[in-house]
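Chain IDs A, B and C follow the sequence of writing; residue 1 opens each chain.
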Amino acid sequence: MTDDSHDSHGALDAPTLDCPVPFGAYERITLAHGSGGRLAARLVRDLFVASFDTPELHAAHDAATFAFDGRLAVTTDAFTVSPLFFPGGDLGSLAVHGTVNDLACAGAEPLAMTVAFVLEEGLELSVLSKLVRSLTDAARTAGIRVVAGDTKVVERGRGDGVYVACTGLGRVRRPLATDALGPHAIEPGLAILVSGPLGDHGTAVLLARDPRGVEVDLVSDAASVWPLARALLDANVALRCLRDPTRGGLVAVTHELAGTAHTFVLDEASIPVRHEVADVCELLGLDPLHVASEGRLVAFVEARDANRALALWHAMGATDAAIIGTVHARDVAPVVLRTRLGSTRVLDLPAGEPMPRIC
Amino acid sequence: MCLALPGEIVERREGVLPMALVRFGSVRREVCLAYVPDAAIGEWVIVHVGFAIQRLDEAEARRTLALLASADDSIAAESTEAADTSRGPEPR
Amino acid sequence: MKHVDEWREPKLLRALADRIAREATRPWTLLEVCGGQTHAFVRFGLLDLLPPTITMIHGPGCPVCVTPLEVLEHARRIALRPEVILCTYGDMLRVPGVHGDLLSARSEGADVRIVSSPLEALDVARRSPERAVVFLAVGFETTAPATAALIELADREALTNLHVLSAHVRVPPALDALFASNSVDVDVDVNVDVDVDVEAHANANVDVDANVDVDASTNASTSTSDTTPTDPNTPCIDGLLAAGHVCTIEGTDVYAPLAERFGIPIVVTGFEPVDLLRGVLACVRRLERGEAGVENAYARIVRPEGNPLARAAVERVFSVADVPWRGFGVLPGGGLAIRERFAAHDATRRFALRGSVGADEPIREPTSCRAADVLRGRLRPLDCPELGRRCTPETPLGAPMVSSEGACAAYFSRRSAHA
């Protein structure tokens, strides 16, 4: 690797990370990096192990083992994003936040995760090391350790640069099965809360991918939501279910949870959306309620505890958190929006990824 | 069809076609002024698929809103008068 | 956002709704032409606010929805060619054609890119001189000037790799067809013969009279009457909300003959909630007074003469052509074709789209679609025998089922919500 590429991200260097290191003469991923030979070994040792720097990885066993006491939460997810780097994050940090947030929604404190990279031949090593570094930093901040990993290299043209697949392990805070969080615990009368403004991530990524001459001050909200979840759990809030409104946004998540038994009535005026997101959506013909967040929680809380939950979040700095609706027995549709006018309309499930439209 | 939004011209940019940077709330976007070539900085235009298709007449907007707010019944009468396209930029 | 928020003010909206309720002394059925207006009615929950005396009929949706199967299939085939980059608006990607939509073409390897302005397609063409860049252009009169600018720029820059597949449509001929049935019972062609249509495209620069009388639709298969036992008492359309952004370009004068001929009020209406209710109120007032005629309720944007510069550009680049509308059949003067002078940038010529599609498998618009009746307010979508059977949002038979705001799609989703 050249000095140039070293300099280009020198400012981001964490003291623990002595990177980049010379990966032989190559500046890009070659098929040899996935061969099981010397180059592959070096990539693992000098980049992944050096960066993640956990005892489990240094042990270099085929599997990591660690002592555990309690009820285990497990989640697995594959990550891809275009572009790899966007305002407020990148694929590396996104993989951590996605994993940690799935655990958090199960009420589980993040413990450990595995990371598998699928690299496309030709990927610049400097890009990979930036992503690995970002993943490392995000994992540290979120309090999760990378305990196992894998790398595969696919031929040029058969991958989109990098894919990351992660499995996360966590310890459930409320170990009693009867007390478990989940869709099964949703019932009429519950209040629906969100922890912050919606759609920042999806909007920021959309514009990073294709700016379309649009200038706006907006970064992804991607972050660990575990602190938000823990706050409610530690205070024994009468919490029934947690979800992160990722792909498909609030509408997709509420549709999924309402299932066939409930109607969620959401109050348009209380749903927090940043001006920037609302304005971009207005301009491109998108609906912010269909756009993904990566650092927000949707919480279903018994009505008597809703204000307490809200106060807890506000006290943590989530000042835009709000009570946005209530759960009812099934009426006409899974999700209904009470508009600012007081009339109601059905919120349809988006057909797919939101696309700018002109109609 | 015809998702169109009003925005304020904040900067003129000349190119093959006359262009402008237009502000829509917290967002700015480059817009083509080929069809309202003499719209000036500070003027409002309505933008569709990246093209300004007409000026927004701010005085008319204010007048309409005032009429509606005062529950005036002459909505029909007022609307036929805004024909004057020779009208220059609104003083802001 | 200034000049937006004040037109969404709930207090003002409720006051307007009250006034409509007070002034409408009997039932009135109004048609809003533009899918964008339908979208706003639904999005802001305005329909609930209207008194029971007012029935809104949602128009054909939008140019996206009325884009005929033939054009969608052409676009798909062009997109699948390895040298082609197909650029179009996001609206077009999920419109189902004969063999699936453009999104599925993309999964088969087509390079399909979403643009939000024709100028983005120009950029793509400049950056990829070795590829053929095809812009699938849809839109009413509002959007055509932007496409015209694209073609003129490509011409000026001699960008020989940029081609436009024009599916531009014009509103007045559709209104002609719709309102003709208010008084005269003319069935619009629902059985499109592709060969005839390809012919029409090829002769696009032949001058076509825009003011064709409704009888021009007699190339229709005349036998729709046996499938349309229309109750003569079904409400017809009393008044019309014309699309404000179309009039921004076209002006208001174009509607005067129509209003006179069919004896209805036509109110040029904007897209914000206050604009829409104001349009309804103006229409109701005219109806109550028994006055036809054209009224501009969007005067902050719409001038009587429209935008002559934009119209001139459209006139330079396009000629008026007979084109099919999905669910309507061929509408005389219903669309725009690229003039001979810009043939080099016309995708139908570049890709020799002469009966090629029709040759092996003629594309026919389904004959059982009752869109024309639905849009005339003569048939409630729920009474269409195809609704929910062969016609669903995934497999739409006609335009009103294509977009989620189309008249039939709206009923379909309400219906399935109860199921």
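Operating definition for what follows: a residue touches a chain if its C-beta (ideal position, glycine included) is under 8 Å from a C-beta of that chain, and two chains touch if they have at least 3 such contacts.
For clarity, every value in this text was computed on a predicted model and none was experimentally measured.
Q: Which chain has the mean of its C-alpha atoms lying nearest to the mean of all protein C-alpha atoms shown?
A: C
Q: If you average the CA coordinates per chain, which chain's centre is most distant from that of chain B?
A: A
Q: From the mean C-alpha coordinate of chain B to that of chain C, what's the distance rounded to whole Å?
A: One centre to the other, that is 24 Å.
Q: Chain A to chain B: how many Å between their CA centres?
A: Going by mean C-alpha positions, chain A sits 40 Å from chain B.
Q: Show the residues in chain B shared as contacts by 2 or more other chains, in ascending order.
A: In chain B, the residues touching two or more other chains are 1-3, 5, 24-25, 48-50.
Q: Touching at least two other chains at once: which residues of chain C meet that condition?
A: 1, 4, 35-36, 62-64, 89, 116-117, 120, 139, 143
Q: Going by the contact rule already set, what residues in chain A reach two or more other chains?
A: Each of 212-213, 279, 282, 285, 357-359 in chain A touches at least two other chains.
Q: Would you mind writing out the residues of chain C in touch with chain A in their complex?
A: Answer in residue numbers: 1, 4, 8, 10, 13-14, 35-36, 39, 42-49, 61-64, 89-91, 93-94, 103, 114-117, 120, 139, 143, 273, 403-404, 413-414, 417-418.
Q: Under the touch definition given earlier, write down the residues of chain A that touch chain C in their complex.
A: 210, 212-213, 279, 282, 284-285, 332-333, 337, 339-346, 348, 351-352, 355-359
Q: Along chain B, where are the residues that touch chain A in the complex?
A: Interface residues on the chain B side: 1-3, 5, 21, 24-31, 48-50.
Q: Quick one: in the complex, what on chain B touches chain C?
A: 1-6, 8, 16-17, 24-25, 32, 34-37, 44, 46, 48-51, 53-54, 56-58, 60-61, 64-65, 68-69, 71, 75-76, 78-83, 85
Q: Going by the contact rule at the top, pick out the chain C residues touching chain B in the complex.
A: The contact residues of chain C facing chain B are 1-4, 6, 12, 15-16, 19, 34-36, 62-64, 89, 116-120, 138-140, 142-143, 145-146, 149, 153, 156-157, 243, 245-246, 248-249, 271, 274, 278, 281-282, 285-286, 295-297, 299-305, 307, 309-310, 313.
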